[in-house]
Amino acid sequence: MALGPAAMGYDRAITIFSPDGSLYQVDYAFGAVKKGWTTLGIKTNSGVVIASEKKKESRLLDLDNIEKVFIIDDHIGCSFAGLASDGRILIDYARTNALQHRLVYDEPISVAYLTKLISDVKQAYTQHGGVRPFGVALLIAGIDKTVPKLYLTEPSGQFTPYQAIAIGQGDAAATEYLEKNYKPDLNLEDSVILALRALQVVQKPGEKLTPNTVELGIASADTGTFRKSSFEERQSYIQKLG
Amino acid sequence: MALGPAAMGYDRAITIFSPDGSLYQVDYAFGAVKKGWTTLGIKTNSGVVIASEKKKESRLLDLDNIEKVFIIDDHIGCSFAGLASDGRILIDYARTNALQHRLVYDEPISVAYLTKLISDVKQAYTQHGGVRPFGVALLIAGIDKTVPKLYLTEPSGQFTPYQAIAIGQGDAAATEYLEKNYKPDLNLEDSVILALRALQVVQKPGEKLTPNTVELGIASADTGTFRKSSFEERQSYIQKLG
Amino acid sequence: MALGPAAMGYDRAITIFSPDGSLYQVDYAFGAVKKGWTTLGIKTNSGVVIASEKKKESRLLDLDNIEKVFIIDDHIGCSFAGLASDGRILIDYARTNALQHRLVYDEPISVAYLTKLISDVKQAYTQHGGVRPFGVALLIAGIDKTVPKLYLTEPSGQFTPYQAIAIGQGDAAATEYLEKNYKPDLNLEDSVILALRALQVVQKPGEKLTPNTVELGIASADTGTFRKSSFEERQSYIQKLG
Amino acid sequence: MALGPAAMGYDRAITIFSPDGSLYQVDYAFGAVKKGWTTLGIKTNSGVVIASEKKKESRLLDLDNIEKVFIIDDHIGCSFAGLASDGRILIDYARTNALQHRLVYDEPISVAYLTKLISDVKQAYTQHGGVRPFGVALLIAGIDKTVPKLYLTEPSGQFTPYQAIAIGQGDAAATEYLEKNYKPDLNLEDSVILALRALQVVQKPGEKLTPNTVELGIASADTGTFRKSSFEERQSYIQKLG
Amino acid sequence: MALGPAAMGYDRAITIFSPDGSLYQVDYAFGAVKKGWTTLGIKTNSGVVIASEKKKESRLLDLDNIEKVFIIDDHIGCSFAGLASDGRILIDYARTNALQHRLVYDEPISVAYLTKLISDVKQAYTQHGGVRPFGVALLIAGIDKTVPKLYLTEPSGQFTPYQAIAIGQGDAAATEYLEKNYKPDLNLEDSVILALRALQVVQKPGEKLTPNTVELGIASADTGTFRKSSFEERQSYIQKLG
Amino acid sequence: MALGPAAMGYDRAITIFSPDGSLYQVDYAFGAVKKGWTTLGIKTNSGVVIASEKKKESRLLDLDNIEKVFIIDDHIGCSFAGLASDGRILIDYARTNALQHRLVYDEPISVAYLTKLISDVKQAYTQHGGVRPFGVALLIAGIDKTVPKLYLTEPSGQFTPYQAIAIGQGDAAATEYLEKNYKPDLNLEDSVILALRALQVVQKPGEKLTPNTVELGIASADTGTFRKSSFEERQSYIQKLG
Amino acid sequence: MALGPAAMGYDRAITIFSPDGSLYQVDYAFGAVKKGWTTLGIKTNSGVVIASEKKKESRLLDLDNIEKVFIIDDHIGCSFAGLASDGRILIDYARTNALQHRLVYDEPISVAYLTKLISDVKQAYTQHGGVRPFGVALLIAGIDKTVPKLYLTEPSGQFTPYQAIAIGQGDAAATEYLEKNYKPDLNLEDSVILALRALQVVQKPGEKLTPNTVELGIASADTGTFRKSSFEERQSYIQKLG
């Protein structure tokens, strides 16, 4: 029997620290994120792009009706990697809070504050007994007035701003690609191309992206809005990948 | 004593992740689904068909009075595989929500939204202590205005749209048959025939389907309604199987 | 020490699945049913008969004052096998619901719906922590308008319609006898005789049934009512056994 | 280490079944009953007699002020064997319910119904977590109009009608004596004598019953009331024992 | 590792029975009583006397300000042995109930009833999870109209009337002394002397009682009141010990 | 593996007794007290003095702003040894109750009663699940009208009056010094000197007390008030130590 | 298997003491603090400075948008080391309480009292079941009227005033630097320089601080306010480091 900390029971209940100050249950929840379909975000001066792959895991899977990019408010959208059932709960929560914020304050919620609200829920699920952490990481993208913002929320409840970030199965290879090719002054179209190339990198050899196997969300600093791409747009962008 | 994760206690309580990011309790709940009578759904441009076998497991079992296909609303129906007692609870919940939706919004609930509501209940039972996951998977079939929809809900709370899907004991063989023979432009009658043939494939050698050992639900894109088949209809279709 | 699933702790708490998708606690609850006095039901076109044995387990036991067949409503009755204390709780619940149903809907509750209500309570006790499953199975017999109905409810919360079924200590031998001799067109008197013969089969060699060691409930399709037998009736029927 | 079910942990929590369908915690609660002072009841056509021994376990024990037979209502009384502290709770509950029943229904509660109410409390304490079963068995004796009734309630929540029954330390020997000598047509005085002889049988060799070491409760079919004996009555009866 | 019941885990949680019907947690609570300073009570026709030793366990302990005999109401007082912190809670409860009883019923509470109320609290703490039993035994002494009463309440919730009883460290030797010398017709003064002699017996060799190391409570059948002794009284009585 | 009671699990949960009647969790809480900075109290006819050391455990520790003696009310003050965080909670509770008492009763709370209130909170945390005992002991000092009082409250909820007492790291040596030198008729100044000498005894060799490394609270029987010393006072007293 | 206290289970649940009086879960929470980015505070007669490093742990990490110094009120600010998600919860709590205090009392909250409020929350999470301690330590800096104050709050709920203190990964080296170079009469500018030098000490060899990798908060005794530095200020100060 292994004698390491994991075998000593520190990792079996959510509310306990192990001797080195880790919360193992939270660390394991990252494992669920790591199994998810690759999702990435890119923020430039022009706006923010979110791209998510969709895998045809079964011949009769109806990919068109699977949603991976979500509108939270006019100016904010998101995607996730990990347990989709957990992700839906947090997206519902985000939408409700964004709407209530408009009602109470008569202005759109800031991307950072919305991200904090979602993250506080996640934090609560790491500190109290009777619940498990959320096994999902969200990428939140949006425009505050004219300033693009991109955040990652983690199962721990921590949230971090990024210029570009990839999560899910292909996070390592996609992130490497982004680090090599990212420039903060890319325009929106070039950001989309960069995003698609990064997703292409993590496909199996010989498999090309199609308009059905990728979803895009685009937040424009000019318009201040977040929108989802159409089939034709994706088709057009994919052709430009060469 | 086995040293794998299962033996280390990760799979004994619902609210915990194992080191690789799995929720074992949820995975085991799939085992209950796998034991259920085979149930399948087929969606084409013409509508959606749900077919479920009923096994005469005991000579004096009153098969006619066992219900395996359920009407949720005029335009939505379902079947399930797994723990029937768990399934009833979710079907009650679906019916209540569909009705309330009509009352509040004065229009029928969309199939995807209803499926999400059911799935959110399932998700909650995977994240909180003191309860176990639902050991049942539902196939939800219906028409949104004129668009046919077919969804699978899993014990995890995830839901997925399908063109065709089989669950339960014979899911592998039935799915294989569907993958070979499915065409999106089948009319309703041919969909029913396909469904029955797929069920026939998973019967024991020499045992033929009868109007008593199968139940059918048919949602028509034309009428926008979901209805259950009559004994005579089933008799007629079964004869056509040859 | 045995290495099977039972020894691994899967069977010690109610709210967990074992790796193969079983709920062991529910399975064990069946053990309590298996220990109970034999009880059986027979449904024909004429009605439904419930018969239950009563064993004189102690010389000074006052058998006459032990009740094994219960009236739930004018048109529904039941018996049970297993933990009598658990059975009483569910019978109280059934009676209350049947009465309330008449009050709210101004018509008698259907046998299937009443059975479902009882079964939903049982299901809840298999899914939540802090409670154990009910260690009792009920046979519910009644007439819906003019249609006889017979259901079995199990500790799992599942319920199943039967033409005839036996539960308790002698379930195997009694069921075998029923399978050989059951005919759907038996009249009520012949149903009673069949029921008594099936109970006789499970008595110890040399021990004959007496009016004190058996209780009968009879639901007639003609009258639509469920009633309990009198001492004289039972005496008369037993004499006809030969 | 023993490998039997007890060593496997099935008996350590109240709310679980062991593989053979037993509730060990309830079975163990019987052990508490078995340690109590012998108490017995005898029902004949004339009425019901309850007799309980009181042991002078310590020289300075004030036996006169220990109560072992309790009046619940004009027509019902009881005694118990097992944990006296648990017994008091149930007797309080019985008294309150008997009184409320009179208030609501303007008639005395039936002995069987009162017994069921007490037993339902016991049942609840065997099915829910956070509590242990009651470690006490009650003998409830009373007259319904003119019909004598005698019931035993067990830690399981089961209740059973008896013609005569003994519980506590000396239950085996006392029951054997009762089985040999019981006759349903004994008058009240002969019932009392029989009860005292049965108690005498379980005393240590050479120790005779005295008016201080026994308590009697007598329910008369004629008067319909339950009353406790006086010192002089007990003295008189004991002299008749010879 | 010992294989007895204690090592099998039956004694680690409050709400469970061990196979022989014991509640080990309650039995262990007696251990806390056994460690307490010796306290005793003596009831005669003239009244009741409670005497408690106080040990100077530390040179700078301010014995005078330690209270060991408590007035509950004009006519009732008590002392305890065991966990003083637990004892205070029950004494507060007794005082509140005695006062409320006067308010509601316009008469003093009977000693037996007050004792039952205290004991019912103790019983509840032996039957429910999340709490441990009270580790204290109380001696309740008082006068009902003109009748002296003396009761012992135990951690189990059981209560017993005594003519005389000693609890705490020196219970065995003090009880032996009482058994030899007790007479029911002692007057109050002689009762006090007897009590002090019994306490003296359990002092270390060479150590004599002083007015500071003993506390007395005296309930008089004549006056119907319970009062605490003064320093001078104790001095006077101690001198009479010789 | 050690076989003693500690290794048998009796000490791991708060609400359980070990076989010998100890509450191990409470005993361990004393360990936290034993680690605290030494604090002591001295009560004489003139009043009560509390003295507490403060250790400069880190060069940049701002000792002046650490408070170790606390005013609870005009006439009562306290100090503690053990977990400071736990101590603060109880001091807040004491202050609130002292104030409310004045409001309700229009007079200052007695020192004994206040001490009891604090101790009852501690007791509750030893008897109920879900909480741990308070790991702190308080010394409560005050004047009731003109009578000086000094109490120690323990993690168990027990409280004890003392003439003089030391707690914390140096309790043994300080108590020994006090026992040798204490006299009940010391005036306030001499009490302070005695307190400081006792604290000096437990300093490391060569380390002298300074006005920064000690705090004093003084309750005067004459004025009836409790006050904290000033830097100059402490300087003056320390010089008198020689 | 190790036999030390950690292996004996004392460290697995929050609410229990180990035999030596430690609360291991709290001690482990310090491990989380120890992993955090280095943060330090310096209090002099002129005011208080807080400095926190920010590490570019990933090339595309958007450091500018990560906040490490927080304004709580006009006169108070803070930073933290440890689990950022836990820290946010406490900072929200601090801000709310500071604001409410102004509303209720019409004056700013004192730094010590605010620190106590935060610490009391932390203490509660160490004493009750179902929650884990906060894995974060806060440095609270502010001005009470004209008096600078600096406090550290620990996972235990203890809080301590400091002249200067460093927490997080580099706490040892930074504290050593501070101890050598701290002087209580430094002006604000020199305090900032000292803070930055101490942070520089804990950087990797060859890595210099930049305006992006450090955040500063400055509380001035003159103005009585706490403010955050601008990019230009930081640039200017860093240049002065040489």
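Note that the chains take the letters A, B, C, D, E, F and G in the order they are written out, and that residue 1 is the start of every chain.
The definition used in the following text is that a contact is a pair of C-beta atoms (placed from the backbone, for glycine too) under 8 Å apart; a residue touches a chain by one contact, two chains touch by 3 or more.
Molecules present, by chain and UniProt name: A, B, C, D, E, F, G = Proteasome subunit alpha.
Treat the numbers as computed from the prediction; the structure is a model and nothing was measured.
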item: Touching both subunit E and subunit F (chains); value: none
item: Geometric centre distance via CA averages, subunit G-subunit A, whole Å; value: 30
item: Whole-Å gap between the CA centroids of subunit D and subunit F; value: 55
item: Subunit C and subunit F, separation of their C-alpha mean positions in angstrom; value: 68
item: Overlap residues in subunit D, where contacts from two or more other chains coincide; value: 9, 13-14, 129-130
item: Overall pattern in which the protein chains touch one another (line/ring/star/complete/other); value: ring
item: Contact set on subunit G toward subunit F in their complex; value: 3, 8-10, 13-23, 43, 112, 116, 119-120, 122-123, 126-130, 149-150, 156-158, 160-165, 175, 178-179, 182
item: Of all residues in subunit E, those that touch subunit F in their complex; value: 1-2, 6-7, 9, 11-14, 25, 28-35, 58-62, 64-66, 83-86, 88-89, 92, 125, 129-135
